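Two complexes, one shared chain (subunit A), two partners (subunit B, subunit C).
Moving on, here comes the complex of A and B:
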């Protein structure tokens, strides 16, 4: 019962905030609503028994990456959006992609929804699921290769950013 | 989730809330008095015995002051911004244990608002959210000095957060848990300040930078930025920023006590008293630093964070990891 109420709370707030991210004109307000979306999502992660992911979501995305987003928006001092497309074209594109995304989600729900069994069966989790120790073990054994590749990718990005920033000409 | 649990939690929340609201005026009084004596002055002495009621008087004055919102400010964000650091400070305080489990009406009540099993991550997450109050306050004022102060402090807090987190990780490696209550319990024989002295030094330096206190108070460097991010804030909005700064000092001290100084543990006296003694010593240390050191320059501050503290914390973590692995503790 409590879980259902919390799920409704977090999912509705995530959707409402997400709409605000899209519809607000002021980029700083958009960024703030995106922070709210991330916080709602971390609430959902806690409901899914993944407290570690929830904390990391707040720590990395809401606490660090979004601050840097805000930082850039403020330094550039963007006053309102400058439209990239004409309103008609934007609506056309938007409708097209919305239909595709909706069809995709519908297809996933229809084909996968019943196959996994009842919700009670899905709840049976292995011991230690979502705990930091278990996530660490899995990351360094089963998923070691993708994990290391990701870290190298990030390192390349950092070095690239430094090289670009240090370059005298462009 | 029974009624008794709800009542127990509500009482604990109220105790922590009240403690901060009563404690902050006392800390401010202590700071003014101590700095006064360190600078060969007397400090506040007119209002109440030893000037004890001076901060209360200041609080009442702030309460009745006119609340100004600049015409060009972003009203919604301007009103929201001062509340954010206060909220995050209280959220972080909720996981700090201030005493052992006690028995009240036949119930085992841990003296800690809640013992989540990822407490250390929770604290890092909430303190990282505290940046928003400052950066948004600076931006929403729509004025140049607050914006500069806000940008400075967000860069500062992000830089120091890394070293702070990594210094705590080395203790986590030793204990194998993220819960503050069990970290405290593992320090019965030996405080972690002894094996993890370098981690503590790094942690407390970062903690001072995180709370924007002297000598790292670049965000409100009054000689160059008027008052930094809170230049345009008046009345209770200013008071909220003030409250948040001191509440955050309590958070940083509380974590340092729990992780490095054995938490509420100590001989003879009851646990809560030990916690309060250690907390007071830490807050005195903060004031002492402020009276002793001049403010760093901005480039020195960033260079110190990235080139000294971060490598040092990584080195400490590596050494700790090797020792833990070789000793075969886990």
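Moving on, here comes the complex of A and C:
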């Protein structure tokens, strides 16, 4: 019962905040509403026995990435756009294709994509499911190579950001 | 009181709604910054889907994938915002409609 109530709370708040992210004029408001979406989603991660992911979500997304966004908003001093949405036929096409994509997603979810084998109820979870110790064990055994590749990706991103931020290359 | 379970579909539908809102943001907004935020929204919707599948299958791999998605998102935001700052420096605009040099 508690789970259902919390799920309803988090999902409704996440969707309402997400609408505000997309349809607000002021970029600062958009960024702050995005933080609210991320916090609602981290609550939902806790409901899904993923406490460590929820903590990471708050630390990295709501902490680091959103600070980067707000920093750029401040740096660029971007005004709210007028008109808010892209003009002309592109707007209509945008909504049209988004609705089509939503219908496809909904069909895939509700019919399970025609696949068998997805469990109706959650299976009995092993002890320590979603704990940092268990995540570390899986990450450093099964997923060790992708984890190392991630470090190269981050290194490339850092170099790219530094190069792009230098004035003389542009 | 009878126990009410939240089914897997409920989480998936929420993820689909969030993904669609992000998609609308990418398609109809013009500020590159808002488009970036919408992309973050879509990535988070997919993360929710991963974590939900992870719980309902009783396997940790979905949560590991969320890890990788987050690191890719961090890299993407760092490079993307650097590009955005560079564009703003050269063109004095952050609107994607105004950056149409390659348009025939």
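To be clear about the criterion, the second predicted complex is superposed on the first by the 150 of 170 C-alpha atoms of A that agree within 3 Å, B and C clash if a C-alpha of one lies under 4 Å from a C-alpha of the other, contacts with A are read in each partner's own complex, and residues count from 1 in each chain.
The criterion applied here is as follows: a residue touches a chain if its C-beta (ideal position, glycine included) is under 8 Å from a C-beta of that chain, and two chains touch if they have at least 3 such contacts.
Predicted model only: the values in this text are computed from it and were never measured.
*Asks:* With the two structures overlaid on subunit A, would subunit B and subunit C clash, or do they fit side by side?
*Replies:* fit
*Asks:* Could you say whether A:64 touches subunit B, subunit C, both of them, or neither, answering first, second, both or neither?
*Replies:* The answer is both, since A:64 touches subunit B and subunit C.
*Asks:* Tell me which partner A:19 touches in the superposition: subunit B (first), subunit C (second), both or neither.
*Replies:* So A:19 only meets subunit C here.
*Asks:* First (subunit B), second (subunit C), both or neither: which does A:30 touch?
*Replies:* So A:30 only meets subunit C here.
*Asks:* Report for A:9: first if it touches subunit B alone, second if subunit C alone, otherwise both or neither.
*Replies:* A:9 sits against neither subunit B nor subunit C.
*Asks:* Quick one: is A:38 in contact with subunit B, with subunit C, with both, or with neither? Answer first, second, both or neither.
*Replies:* second
*Asks:* When both complexes are superposed, which of subunit B and subunit C contacts more residues belonging to subunit A?
*Replies:* Touched residues of subunit A are more numerous for C.
*Asks:* Enter the shortest inter-chain Cα distance between subunit B and subunit C once the structures share a common frame, rounded to whole Å.
*Replies:* It comes out at 14 Å between the closest C-alpha atoms.
*Asks:* Output the subunit A positions appearing in both contact lists, the one against subunit B and the one against subunit C.
*Replies:* After superposing on chain A, subunit A residues 52, 56, 64, 68, 75 contact both subunit B and subunit C.
*Asks:* Under the definition above, what is the set of subunit A residues touching subunit C in their complex?
*Replies:* 1, 3-4, 7, 11, 14-15, 18-19, 21-22, 27, 30-31, 34, 37-38, 41, 44-45, 47-50, 52-53, 56-57, 60-61, 64-65, 68-69, 72-73, 75-76, 78, 81, 84-86, 90-91, 93-95, 97-99, 101-102, 105-106, 109-110, 118-126, 129-130, 134-135, 138-139, 142-143, 146, 150, 153-154, 156-158, 160-161, 164-165, 167, 170
*Asks:* Show which residues of subunit A lie in contact with subunit B when the two form their complex.
*Replies:* 2, 26, 28-29, 32, 35, 51-52, 55-56, 58-59, 62-64, 67-68, 70-71, 74-75, 131-133
*Asks:* What residues of subunit B sit close enough to touch subunit A in their complex?
*Replies:* 1, 74, 77, 116-118, 121-122, 124-126, 128-129, 131-132, 135-136, 139, 147, 150-151, 154-155, 158, 161, 176, 178
*Asks:* For subunit C, which residues count as touching subunit A in their complex?
*Replies:* On the subunit C side, the touching residues are 1, 3-14, 16-25, 27-31, 33-34, 36-38, 40-41, 44, 47-48, 51-52, 54-58, 60-61, 63-64, 66-68, 70-79, 81-86, 88-90, 94-95, 97.
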